[in-house]
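One structure below.
Read from first to last, the chains carry the letters A, B and C; within each, the first residue is number 1.
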Amino acid sequence: MLLLQVIVGGLLLGAIYALFSSGLTLIWGMMNFINFAHGEFVMLGMYVALLTVTYLGGGPVLFSLSAAVTLYGIGIIIYLTLIRHVMKGPMLAQILSTFGLALLLRYAAFWIFSANVVSLPQTTLSGIVDVGGILMPMSQLVAGVVAIVLTVGLHLLLTRTNIGSRLLAVAEDRNAAMLMGIRPDRMQALAWGLAAGSAGIAGALMAISYPFSPSVGETFGLTAFVAVTLGGFGSVPGALYAGLIIGLIQALSAYWLGAIYKDIVVYAMFAALLWLRPQGLMGKAS
Amino acid sequence: MSRNVKLGILGLAAILLLYPLLFSGAFALNVGSAVLLAAISASAWNIVGGYAGQISVGHGMFFGVGAYLPLLIYQITGLPPLAGVPVGIALSIILAIIIGLPAFRLRGHYFSMATIAVAELIRIFTGTWEYVGAAIGLQGPAVGRGWWDLTFRDETPYYYIFLGVLAVVLYVTYELQRSRFGSYLRAIKSDERAASSLGVSVRMTKLKALVLSAIFTSIAGSLYSIKTGFVDPESGFGILVSVQMVIIAALGGAGSLFGPLVGAIILVSLQTATNTWFGGGGSGLTYILYGGIIVLIARYEPGGLYEYWQRISPRLWRSRRAA
Amino acid sequence: MLLEAKNVSRQFGAFFAVRDASLSIAQGEIVGLIGPNGAGKSTFFNCLAGDMPPSAGQVIFDGQDVTFAPPETHALAGIGRTFQLPATFEDMTVLENVMVGAYLRHPHRNAARDRAMEVLEITELKDLAMQRARTLGTPGRKRLEIARVLATSPRLMFLDEALAGLTPSEVQRAIGLVRRIHGMGITLVIVEHIMEVIMALTERVIVFNQGRVIAQGKPADVVKDTQVIEAYLGSGRRKRRA
């Protein structure tokens, strides 16, 4: 029974990984660009949630929305002021831009919030639910389910709506999209907004149950890379499966090997994947 | 090389040689050797990152291996730490080959991701491995048993050792730049497909560059741990170790001979200044500054100061001649 | 035969970009490879030059099987190629660009430099030697690509639309250069859209359509072939109007 509980817990956390990873994969699919600051977006989402609760009060709905909206805005601003310009530049500029951004955000957060581990105050989502003998904290259950719903929602947005097809048109062929009257710049800004927004809300959802500090972004950033590599670059459903798998593997390795091994296992998986199948497990060979 | 450039190099060499005589305080010497060490590792990174254009963000793995081995050999065998330097180099070469063979199938962002992942894997693993001191790290001989332990109370010997190593690294880079190998690296950076159509064996050439770069980075790590007599996972393999090499090279000019040295002079001075002004809390600010500088370079001058100089210097000469 | 391709095919998924294409080229020939856009010329070219392994078939160069060999082996064997979209090394000078090619047979700097200067002389680029490639216009880049390949001392050169995008007077100059290269004993395969160029330069033309060789022969005969007129000139006319 304990094992089953570990598995469910892992999957619920994995659902949140899936949510922020789908943002990273969206950017990659749109513009062949890896955002090294993606984990920092998740971290910022957590602190936006904290600030919202502290200064505005309100429950999980309010602070999750606040994190999503704030990060959506940050994503668009970063695209317009930085990414748009370095896209045309050399590879070094592309890699350095978001790498520098990650450092800037991470250490600015250290500067402002200190390195202390903090957590959100108890919310209405406290308590334990018993699902067929498996005991789950209410907060994790709700967060996991919401994360899955949002990830599927993002996928539907991309595949079933007009705005989604415009996004994909830009990803497919920038010039052809321009001839069709789509402005690639706007679509890419939107993609950055969506990516950062999904990272922000994922951060807020995680902050409900887990304590955090400014350094968490680094781990989440790498986790997202693993998910994107595993799921195939640019595939949202791939990121969903991969997020769940990573959450599960992490939970199991923590359970069997000890907590310190959970990150090693993820990084080792990543290294192995890049070696064996750089195009991703579910991605198409190019 | 033009006469002006030659004069500039001679001037720079003279300043570096005479620096300990001009500024004899321990603080100034400490800053001086920190600049040299940063310049060594950034110049080493420059071979694969600057010339070949393969942006490694995990070079800390070679620095860390180089830093750990001398102290590990000392702790296990009691031999002088110096004996661990070649072992560190050998391990770094092996590591470079293991990374390079598969990772050089990966291009651009993928390669950067792979290098970060491996460096982080090694850092976390080292932090849990008791044999190499886990999170606490390793220490060297507290008191030197002879000159061969390289534990000097005075900073001056370290300064000159670092200067000598830097001279070697720069000389090798200079020779490389003028050779077939250097020409091939720049061709690969520009267009791999075109390079291979002209007979360049792309993967092999990149691998050679990575191995050469790893050797010098490993030596930089050894110099660091022998001088400080201490290393832990963060100071050896930490992501900031890797980042520092990239930012210094990029600031001065990735793919230029003296770019990393110029970058090191500026960045280490800046870092020292923020640490002095803001005390112990300054280190956080240093990294904010790092991040800011990286973003600004990427946005406005990806070629670094070298490219900037190339652009403005003809104009300067012209205006001087006109005056 | 200097180069022989036997039943070369290249598939992308279920789509055949090249199907069962065969070709032989004798030492000293100039052969034109023509066909409408999307006919598979470039893919076929890439298969022959080692840029892309064929899915089936065999490519033999001077008795050596190079079907699956990497591009650098082709270069070493004596096969050179230019790219449709110029792939010059932008941050390197014209001289440095050509030296990359020259290093193939001259590992030492001074020898490579001498060889590169020689080639710059032939290709009339000597005056631009110290300029960065990025400062050149289209004609300069196309010429630089040819120079770079020439510096590898090839026996066979593939020119992929090396004259596209040039003004009529530049085309005349380029035709002169191609003739000089041929005069040096180098066998040439030319992919070209401009019929005038093909007519002026080549002794034999191979017509490609929908991944297959549909005709070959003397240029003057080939343009009379009804199949060719339908496949190539038909779409060529449409293209000209667009």
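Criterion: a residue touches a chain if its C-beta (ideal position, glycine included) is under 8 Å from a C-beta of that chain, and two chains touch if they have at least 3 such contacts.
The structure displayed is predicted, hence computed values, not measured ones.
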item	value
Best-connected chain pair, where connection means C-beta pairs in contact	A-B
Remotest chain, subunit B as reference, centres from CA atoms	C
Innermost chain, where centres are averages of C-alpha coordinates	B
Between subunit C and subunit A, distance of the C-alpha-averaged centres to the nearest whole Å	47
Centre-of-Cα separation between subunit C and subunit B, whole angstrom	43
Length of the line joining the C-alpha centres of subunit A and subunit B, rounded to whole Å	32
Residue ranges of subunit B in contact with subunit A within the complex	49, 53, 55, 57, 102-103, 105-106, 108-110, 112-114, 116-118, 120-121, 124-125, 128, 239, 243, 246-247, 250, 254, 284-285, 287-288, 290-299, 302
Residues of subunit A touching subunit B in the complex	32-34, 36, 82, 85-86, 89-97, 99-108, 110-111, 218, 222, 225, 229, 260-261, 263-264, 267-268, 270-271, 274-275, 278
Partner subunit B, residues of subunit C touching it in the complex	49-51, 70-72, 74-76, 80-81, 83, 87-92, 96, 99-101, 103-104, 107-109, 112, 148-149, 152
Subunit C-facing residues of subunit B, complex	178-180, 183-184, 186-187, 190-191, 193-202
